[in-house]
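After this come two complexes, each holding chain A, first together with chain B and then together with chain C.
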Partner chain A sequence: MAVLQAQGLYKSYGQVKALDDVNIEIEDSELLAVIGPSGSGKTTLLRSIAGFVQLDSGKIFIKSKDITDLPPEKRNVAMFFQNYALWPHMTVFENVAYGLKIRRYDKKAIREKVEWALDFLDIKSLAERKPNQLSGGQQQRVALARAIVVQPDVLLLDEPLSNLDAKIRMRIRFELKALQKKLQIATLYVTHDQEEALSIADRIAVMHNGKVLQIGTPQQVYKEPVNLFVADFIGVNSIVRIKPLDKDIVKVGNLEFQPQQGVLHLVIRAEEARVLPAKEHVTLKEGDLKLEGIIMGKLYLGSKHRYEIKIHGIEEILFINSEEAFKINEQIQIIIPKDSFFVYWQ
Partner chain B sequence: MRAPALILGGMWMKKLYAIFFTIIVLAAIYFSMAQIYPFNWSIVYRYRVVFLKGLLTTMNLSGFSLLISFAIGIVFALMRRSSGILKEFALLYIFFFRNTPLLVVILLTYYGLGSVIPFDRFWAAVFGLSAFEGAYLAEIIRSGLDAVDKGELEAGFSLGLTRAEVFLYIHFPQALRISLPALIGQSISLVKDSSLASVIALAELTMTGRQVGTQTLASFESYLTIAIFYVAVTSVLSVFGNWLERRLAIP
Partner chain C sequence: MSFWQIVLVSMPRLLNGLTVTLYMTVFSAAVGLLLGIILCLGRVYGNKVASLLSTGFIELIRGTPMLVQLFILYYGLPSYNIRLTPLLAALIGFSINSAAYQAEYLRGSIQSIGIGQMKAALSIGMKKWQAVRLIILPQALRRVIPAWTNEFIYLLKYTSMAYIIGAPEMMAQAKFVASRNFEFFKVYLLTAAIYLSIVWTISFVFSYFERKLRIPGTVVTER
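The block that comes next holds the complex of A and B.
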């Protein structure tokens, strides 16, 4: 059963449509990642679920109860803030205990629950410190402890890792995922980092201009993007645009496409494309794409090279990484498996 | 272990030198003036009860005005942050009192308002002073309230705290901490501004000084005396303020 249901959410700020008919559901103990470029409406969606945004229309249900018109404090939804928003005048213990205190738990129950949460996040030793005496990572744990200790129905996380440096991010990413699974809290996780979303989400919602373009598992979103925007936003890609000259068939490498309205956009998952010497014989599977070209430039990236490749008959330059070494001006071929490129007319 | 003690000692020595030097300069000025002007401190001693009464009145006037003006400050700061008619009213209030001289405000409350509602001088001064300083305090408190991170308040709401609880336990304590130095400064101004109540012949410190000065012709002595009293009262306030600031400081 869906813990959270949002149906037909609309919100405009003047001319800007921050939410444009948004429909999402989160299942019990599911982690739904919402991704999209800056200004796509992710934060607005999160804040409207928390009750801080007055919707123009739409309904929000938590455990089948309509909470659309409830104030934030009545929703039993815990929000985790990008800057942690800890209360600097209270100790770590008090920060975590406050949500329980006003729920009128007795002293002993509060102590037990807070200690459980601090223990859970491995910060018990920091209980008596003030937030200003903690590192960024520690503050983040306190903020998480504060959010989970009240056992919310839904946990809302807005770019929870964006303040941490790249190395810690990687580690915390998986800790967070493990924690969420252990707690079995339905979670909405906002990020603009598609890689982060792919690695921790059960399902992903891709937003653009206030619209949810696609919702699906990471595999679905990666392998079957519904449109050019989603295809391009997910993964590391090279895009080629080809304007058909006449009504004839459009030839791209070994494949042919029926011309349609607009320009042909070929999105290539650069991670999946293989670069080989032109002479080498390869047997193509049905639907695989083979492009022939010439190396224009290269960049050394440690374990591999990034090649700048000019494809015969196509003006745009492709950027593709490969572990193999090629020389400038060397003739090459690029093999792209059939589920690693997408064609859209737009 | 030795170095910090030395540094501390150094700091204290510097302070002592400064105080010592100031005293020497003041004494030099005093005694060189005493060559021309015959100081007669026995007059101040003779009028000690009058002076102390004046001091008491000033302290009462300042005390009541502080309480009332803080109440006004908080209420109007909240109104200023709200929307609609209350906000407009607060804006108008603050605009009016920040752009009117306190002297005029006190004259207005005593002679203007006083002709409608019978006030005695003391309460007329208290109300004038409170209304005036309240406008300044409202602005100080408002900027303190504005300075608190909105996320901290929303974190409170999303954990189930009501509006009143968020204000009382998170918003206001933080705002107070932020605006404390400015509030102390304004409180000290209030004590000094209370001297303007002498315009409606309230026998507070300044009025007393003037009266004793003109009656006995020992103006220098009596004005110097009340100046020292003002410094004493405001010093207590600023020492208290420093203590409060240190106590409330977040490590």
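The block that comes next holds the complex of A and C.
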């Protein structure tokens, strides 16, 4: 039984459709990541569930109860804000306690629950400090404690890691995932970082122009993207566009494609492509793609090089990283396994 | 007469006037604060009617000279058989005038608080008015202290206008003393010195409270 169900959500701002028939469900203790570029509608979706956006139409249910028209404070949804939005005039303890105070818990219960939350997030020693006396990472934990202490039905996380530097972000990803599993709260996680979503989510919803293009496990979304947009948005890619000249078969490297309407878009997972010297003999598996080209430029990246490669026959440029050292103007071949490239006509 | 003789002769009356001046200032600032908070909350968070009424009142008061307001209260109302003493007319005039300005200072302060503060309060289950009372006002009232210091100083000086309708405040007393001994320069200089010393005291006291109530970590402290 899904904890959260959003059915047919629509919301426009003037001409812009922020939500265009959005349907999602989140199971108990599941983490659903909503990703998309800015302006895709992911934050509008989160805010509409929190109750800060009035929908044009559609229904939202939490535990089968229709909450579409309830104000934010009656939804038992907790939101974690990108900039934490801690209350600076209160101590950490008070920040976390207020949600319980207004729910009229008695003093003893409040103390117990707040201590549990602070303990859970390992910030018990900060209880009497004011938010502005804390580091970014500590503030984040306080914000999380404030959100979970009221035991919400649904936890909404709005780009929770975007204010942290890259190293801490990596560590917190693990922690956040472990925390969420321990808490068993249905969670909606909004981010524009596809790698973050792949690593932390049980399922991913990819949004673009207010529409959900695909919902699936990280593996499904990565391995079987439903269209060009999803394929391009997920993973590190290089795209080649080929316009068929006539009704002939389109040849791309060793493979041939039947012409269809529009332009052929070849999306290559650059992280899965192998670059080899042109002369080296390779045995291809069924469906693998082999392209031949010439090195046009290179950048040194430490453990590997980034190459600018011109593909023979189609005269397009690809950017691919490789640990092997090649010289400029060297002839090479690129081998791409069959589930690491996608072909779309558009 | 030497300056010190003037001081000796005028001081009793001037100090008498000063008590009235201070009384008017503190009273109008306090009533203005209370009314100002109500007007401001009405304008920012109230429903359409409350917002319209508050905004209308604020703009009406801010848009007309204080002297006109005092004259309407003192000379105008008697046409409707409402007769106020000069002091009462001045107290009412200064209070509503200050309320309108304080409401606007507070509105600026409220709007300087990030929208996330309110959203965080609502998402945790507070009702709108709870959030205003517990989250927004405690922060906004602290931030408005510098503007209040200004308002208090303005008020202290503006109360001198009450002498025009005959309230017995310090300026009225100064004029009375000076027109008896014809030492206009020295008497008004002394009056100015008294105003100045009070203004400095007010600035000092308010900045003490500003520091004392400051939220830790919100201002880069000197030294």
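Some points to look at:
In the analysis below, the second predicted complex is superposed on the first by the 346 of 346 C-alpha atoms of A that agree within 3 Å, B and C clash if a C-alpha of one lies under 4 Å from a C-alpha of the other, contacts with A are read in each partner's own complex, and residues count from 1 in each chain.
Basically, a residue touches a chain if its C-beta (ideal position, glycine included) is under 8 Å from a C-beta of that chain, and two chains touch if they have at least 3 such contacts.
Remember, predicted model here, so these are calculated numbers, not experimental data.
With chain A as the common reference for superposition, the partners chain B and chain C occupy clashing space.
When the two structures are aligned on the shared chain, A:Ala85 is found in touch with chain B and with chain C.
By the touch criterion defined above, A:Asn23 reaches neither chain B nor chain C. When both complexes are overlaid on chain A, the residue A:Val77 reaches chain B and chain C alike. The contact surfaces that chain B and chain C form on chain A in the two complexes overlap at residues 50-52, 71-74, 76-79, 81, 83, 85-89, 98-99, 102-103, 130, 132-133, 146-147, 150, 156. The touching residues of chain C, when paired with chain A in their complex, are 114, 116-117, 119-127, 130, 134-135, 138-139, 142, 215-218.
By the touch criterion given at the top, residues 50-52, 71-79, 81-83, 85-89, 98-99, 102-103, 130, 132-133, 143, 146-147, 150, 156 of chain A touch chain B in their complex. Of all residues in chain B, only 149, 151-152, 154-162, 165, 169-170, 173-174, 177, 250-251 touch chain A in the complex they form.
Interface residues of chain A facing chain C in the complex, by the touch rule stated above, are 50-52, 71-74, 76-79, 81, 83-89, 98-99, 102-103, 130-133, 146-147, 150, 156.
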